[in-house]
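We call the chains A, B, C, D and E, going by the order they appear; numbering starts again at 1 in every chain.
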Amino acid sequence: MSEVSYVRTEMLPEREPPATTIGVIGWMRENLFSGWFNTALTIVSLTFVVMLLNAILPWIFSPTWYATSLGECRDILRGMGREGHYPGACWGVIRDRWVQLLFGFYPSELYWRPIMAFLLLGVALAPVLFSDRVPRKLLWFSAVYPFLFPWLLWGGPIWGPLMVIAGFVIGWFVYRAADKRAGGLAGIIAGVLAAVIWWLLVSGYVIDGVSAVLPIGIEAVQSRNFGGFMLSVTIGVVAIACSLPIGVVLALGRQSDLLIVKALCVGFIEFIRGVPLITLLFVASTLLNIFMPPGTNFDIILRVIIMATLFASAYMAEVIRGGLAALPQGQYEGADSLGLDYWQAQRLVIMPQALKISIPGIVSTFIGLFKDTTLVSIIGLLDPLGLSNSIRADAAWNGIVWEIYGFIALLFFAFCFAMSRYSMYLERKLNTGHH
Amino acid sequence: MATVSDPPKEAFRLSQLIYDTRYRSMTIQIVALIGFLVLIGWLISNTAQNLADLGKEPSFQFMGEAAGYDINQRLIDYNNQDSHLRAAFVGILNTLLVAVMGCATATILGVIIGVLRLSKNWLVGRLMTVYVEIFRNVPVLLWIVFIMAILIETLPAPRDFRGDDPVASMKLFDTVAITNRGVYIPDPLFGADAKDDKGAFLDEPVGWRVGLGDYPVGASRDNPSCERYYATEGPGAGEPAAGCGTFQISLDLLLALAVLIAGLYASHRIKRRADRIQNATGVRPVTWYLRLGVVILPFAITLWALGFYFAFPELRGFNFQGGTHMRNSLIALWLALSLYTAAFIAEIVRAGILAISHGQTEAASALGLRPKRIMNLVILPQALRVIIPPLISNYLNLTKNSSLAIAVGYMDITGTLMGITLNQTGRELETVLLGMLIYLTISLIISAVMNWYNNSVKLVER
Amino acid sequence: AGTLDDVKARGKLNCGVTTGLVGFAAPDANGEWHGFDVAVCRAMAAAILGDPKAVEFVPTTGKTRFTALASGEVDVLARNTTWTLSRDVDLKFTFVGVNYYDGQGFMVPKALGVSSAKELDGATVCIQTGTTTELNLADYFRKNNISYEPVPIETNAEGQQQYLAGACDTYTTDASGLAATRATFENPADHVVLPEIVSKEPLGPLVRHGDDEWGDVARWTLNALIAAEELGITSANVKEMASAAGNNPEINRLLGTEGNLGEMLGLSADWAVNAISAGGNYGEIFARNIGENTPIGLSRGLNAQWTDGGLLYSPPFR
Amino acid sequence: MSELAMGREVDRSKMTVSDEVAVEITNMNKWFGTFHVLRDINLTVQRGERIVIAGPSGSGKSTLIRCINALEEHQQGRIVVDGTVLSSDLKNIDKIRSEVGMVFQHFNLFPHLTILENCTLAPIWVRKTPKREAEETAMHFLEKVKIPEQADKYPGQLSGGQQQRVAIARSLCMRPRIMLFDEPTSALDPEMIKEVLDTMIQLAEEGMTMLCVTHEMGFARQVANRVIFMDQGQIVEQNEPEEFFNNPQSERTKLFLSQILGH
Amino acid sequence: MSELAMGREVDRSKMTVSDEVAVEITNMNKWFGTFHVLRDINLTVQRGERIVIAGPSGSGKSTLIRCINALEEHQQGRIVVDGTVLSSDLKNIDKIRSEVGMVFQHFNLFPHLTILENCTLAPIWVRKTPKREAEETAMHFLEKVKIPEQADKYPGQLSGGQQQRVAIARSLCMRPRIMLFDEPTSALDPEMIKEVLDTMIQLAEEGMTMLCVTHEMGFARQVANRVIFMDQGQIVEQNEPEEFFNNPQSERTKLFLSQILGH
């Protein structure tokens, strides 16, 4: 055995690594040129990127911002000596139509309303999405916002949304009263019934009466004036918001051990998820009126929103079911042992947690739905994609293709990319969650 | 010790329906069921009344009437005198065609991109990230019309191939023509298919290698198109003409496929034998050439014997003739769906591989396994369990998204049944419901496969 | 209540148009709709409500247009729709007249050297789906026993794009559409419209079956525009002519200075004055939207007054 | 097993057993599917009694006490809690649950609510106590379990021992007449076991009726007035703690005790 | 730290050290980016030696032994394992890896393979052993680690201690000449530590050359013939266990030992 005993008397200092492993050279060796295969890959990709940019950049840089027709663009480019198949982009069409692509036919003097609605959406979502940084008081605003949003967009007398709120309030009081006398389930049924009766039968007269006396309101805007990007966002936001409660109910139904309820929920969810959205939109455009009592007439955008809501609810139900499944059994038992009944347990203990876990999934569902709103162009709604056709039907811009598609793609990309990043951030936060 | 006396056996009280856990669930379910039935009844009665007002009796009779329109791409015989039902069937086949092609391509692309995204090469990794983000965050419909526009605008038109000094020329030794009407590729044909331009049969078949010809399923002697099929002599005797039978199966193709499958089976046996030898001796014999040969040789011989040849596309008249024509609409839809779905699959593949902890690779390399073996024996079997369920749900999405075919005029089931048929007959209720039913069936089949797979590969846990 | 009352109560006319077709209907940058079909709706709005701007335009596709009308979502459909028996009888609509006599034609590039549709054997044909053209085309080629390859497209803009890029050899649609499309080409002279007109395509506004009062309003508004041209009433002189009864009794009856035609229709006496002031008489509308001095440059052709050898022939206002 | 609770003298003065019956179980049977978990259980608990249930894993201890507050349904036999017969009638179940507190092995606090909210949730919604009053009660019990200062924190921010004490306080806020404990200390680190056991002892000293599944034999010796030994779904032996530990009758009990006290 | 391995007398009869060199590390340096993890390491291990490496967290212990079987690349210096110089030559790396077994803190068994398949995978694919033979070897080693009856189960069905023993068996199936252990017991519950340490002692008794990163000082005392103390990427002190524990030289060693044995 050799001399084993060894004591280091002075500690060695930290030294710089060999030059080839650090700095730009080290980084390139490590990340771009490690081995012949990687080197080849690097060269191929570089060539590809250069070729792509070479093809696209000259087209993009084209001084046609102020052109008023495609012909004028062509003249400008010809004047610069740029001819050929694709001499350059014709950006005039974007300058001419970008407002329309954003707002559709919404009256221009009322643009502040959708802008405000979407800005306030941010405020209303803040307490939900950034619960750790925003005061909880703001939740009140979040609760009112679902009524504010449609009012701002569609306008009309203030009494409409107020009466809807009144329905909830009435339902709540009836629930409280019936709950005391007859217990949870009966209370809920009575509450829901009271609210529905109020909305369907009573509120119409009340609105008419009150608005005759006190005509407070803002100018009404028909939903067929909605268009462009605003239409996409509106469909997406309304459908997701409305699908949330339906999704919760469906998810609970699917989780329950009541066979018939479960079968109904599973049937609905699987049906909706099994057919393409476009067929549901066909239903909206051709069949929904047939299903309704004779004489009812929703306009097409409302019908689309209804179908989009049903569509989103099925996906939402699955997302929430995931959230429910992630909760430990002990939470249910804890609530049971304290004597909370089923609905109290759901409302106070289970749902707050399950929904929080589900937020990233909800955001993803929203992104998916939002992208899918472009499908409404197929049934003739003028979302950005539908508008692109109308714009091309204008004699001045007949023949334009890439500029509009590019602009629309950019809008969608910016929006969806931001949201997907946010949802990833949420997921990380949930994974490392503090409490 | 105090005792509680037994309460008297109680009779059934109405309140038990609500408060007794035994009956309560029944009550809720029956209320739900009644509510559901009332809703359905309400919808049906509304529908009936509305239809009566419009004077439209729900009926599927129109499906038997002549469709009157033409479909450019069809996998089975079809002309404008065929029924709407057959047109719908052509549509279903087209849907399935693009779905299958899309799933295959999306998987291949997705796996490559997903793996490249994990590459140590910074540039490649970044490029793939850009790809994934761009494709996921832009609506698929936009991609479809975008790619269609690219195909139409940037590829040469057939007229560019014309003239003494054509602008464009065919690719791959004049066998493939890429035009903005689609791509023409060589068409694999058998001896029996040799016909002249007009589709008439050549008097002199190509020697003895004439193949077996087609078999018309559902042919009958009453059908005038089948005259030649039942004839025993004359040119093309025994050959069914178009329109004979519900559909026709190429016997040559069937035989060739059978031989191919047999070859694959033999190759599988060889692999099994190699496994056995390895188990016995530890050394795995080299068998790839055997396995390749046993697949390819018999297949090639069969093809030769059946008079297999390629029909090359050729510019004649307005268009290229001969060869298989993959139309723009198909290509655009196929590419867009594949590229879009590939972005999602890439993420799934990446996540699947990342889900396998680094420790697994380390442990395997510490045992002396080579990287390729580690991939095959350790990483992939585990990653596949993570990857396949979401993969299949992406297949489902792709299939559903194929209904956007309508945006580029690809005649799938949405284009035929829920498109032109709906429009020409005004039967919204019947066509849309039937269309939904078809999609639902396809989806349910796919998800049944998914569930079966999920259950069969669950990792065993404590 | 009848549609007329509904419209009056609503204060707006709901009018179904295309999602965009050059010359016939398209929104401009301000969201205002313009075009030949649009003008009919504006005239109707003016006649009924006195305000040509009181129209809501509902863009429809080939697929959704009939449902929109049948379900009551629109009051009138002015979307270059061909009048056919089955649409009238089976789909239960009433065509109130013809505002454009059209026929399906073919456009080909000059370079192709084709001079007749019969030479199109084996050609690739771009065709809008969901229209009668699809069936006409199939019939025509079958009748002449020649083959073709249809390329279905959804909108005119797409058709134009495919045709220009050479993805189809010929583009077929109504001749008006062809001319309109050709007019916006960079080099219109490089393309010809073939002489064959393979079908009759009388295009006109339509309403639902069963509400004849409303059908009358639509029918006679259209007729008023046509008659106005025949009688020499223009947007420039209509005010003056309506200010006092003139010596042409028909003009007087039309402009409400004599008789009670407006009342019979359930409209005000000056309904026709309003309709004509909205965008002028038929000839003015034609000239402004699709006529020879517009980029589209259609000649009147069949759509000239009967007095000029055309087919436009308004029943008398009496 | 840990004998950590032995630190102080236990004051048995208030730990009197009254004549009233708190829980009475007669011929109770329960099956999970075809598996017979509880067989002919007969058990009477007087008000003020402190019962410790012990037995090997899987012997049905948890199932037994979960039957008492209807977390599990039993299929045969009778359970009477505080004069109320446990039937499938929801009202009875509600009544019993608000009379019976339960503490779990894994605390089962609600992570999205603060400690105070955890404690006031049930009083407010089930007992319909005004919020102010519920909060006062909650603070009282939090002081009793010695963590009033944590009231505004979330469960995730507390140690295991603290969480379990909150769980006890939460149950007490409903002012239950019977407390059930299901291995309240077995998910805890040794240092924390003591603080929880102390709290339980304190509760016992105040005369609470307790049924406690635990392997803390020190606690059983000090506090219990009966130890019940279960095996294979049956009550095999029950006795006073002294007798039970020093002079077990059944073979199985002896084996179990030797294992559990052996090292 | 747990001294659970102390249960039995260790038989040192076979634990002889030969003259042959098993591992020789000369002036080895390694950086992670610009961070200097290993600094001028010099270490010679004789065949049959059992070396325990200790040191504070982050001192580079894991990195050092991972360099020995090329799981990490070193940038300067020479490592010779069993006569083979560790270079970037793939063949050498393969050779070394099949001579050197490694056991990880987190077992890293392959969850999709049964225990038996885990053990036969490498012998079949790397050593080209016939399957039958590989399985026999595997069963032999599984018996040695005392879990032959689990051969057909999946890793997920085993307890941590069992899994770690399987991991040891899996390494042994390659019949390595040197074994590396990286904190093999630190992810285990106390009861399980003992069974794993027992297995390792048994291995040592049979004369296996071992390098073991561990904080089980009882094990070090009983089995090791050298303890190496590392700090900040350097070998600060090495000595025989008796000397090392009773008479540490360097200040850092003393501090470390006081912390680790302090309670």
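One rule holds for everything that comes next: contacts are C-beta pairs under 8 Å (C-beta built on N, C-alpha and C of every residue); 3 or more make two chains touch, one makes a residue touch a chain.
Keep in mind the model is a prediction, meaning the values are calculated, not measured.
For the pair chain B and chain C, chains touching both partners: A. Any chain touching chain A that also touches chain C appears here: B.
Rotation angle for the C-alpha superposition of chain D on chain E: 160 degrees, rounded in steps of 5. Among the pairs B-D and A-E, the greater number of C-beta contacts is found at A-E.
Among the chains, the centre nearest to the mean of all shown protein C-alpha atoms is found for A. Taking the mean Cα position of each chain as its centre, C sits at the greatest distance from chain D. Centroids of chain B and chain E (each the mean of its C-alpha atoms) stand 53 Å apart. Per-chain CA centroids place chain D at a distance of 47 Å from chain E. Rounded to whole angstrom, the centroid-to-centroid distance between chain A and chain B, based on C-alpha atoms, equals 30 Å. The centroid of the Cα atoms in chain C and the matching centroid in chain E are 89 Å apart. The multi-chain contact residues of chain C, meaning those touching 2 or more other chains, are 63, 67, 154, 161.
Listed for chain E are no residues, as none touches two or more other chains. In chain A, the residues that reach two or more other chains under the touch definition are 183, 286, 289-290, 378, 401.
Two chains count as a pair here when they touch; such pairs are A-B, A-C, A-D, A-E, B-C, B-D, B-E. Across the complex, chain B meets chain E through its residues 278-284, 357, 359-360, 362-370, 373, 377-378, 381-382, 385, 459-462.
Chain contact summary for the complex, chain A toward chain E: residues 1-2, 4-8, 11-12, 14-18, 21-22. Looking at the complex, you find that chain C touches chain B at residues 62-63, 66-67, 70, 90-92, 109, 111-112, 120-124, 129-130, 134-135, 137-139, 142, 148-154, 161-162, 165-169. Chain E meets chain A in the complex at residues 17, 29, 31, 33-36, 39-40, 44, 46, 75-76, 225-226, 231-232, 234-240, 243, 249-250. Touching chain D in their complex are the following residues of chain A: 183, 328, 330-331, 333-341, 344, 348-349, 352-353, 356, 433-435.
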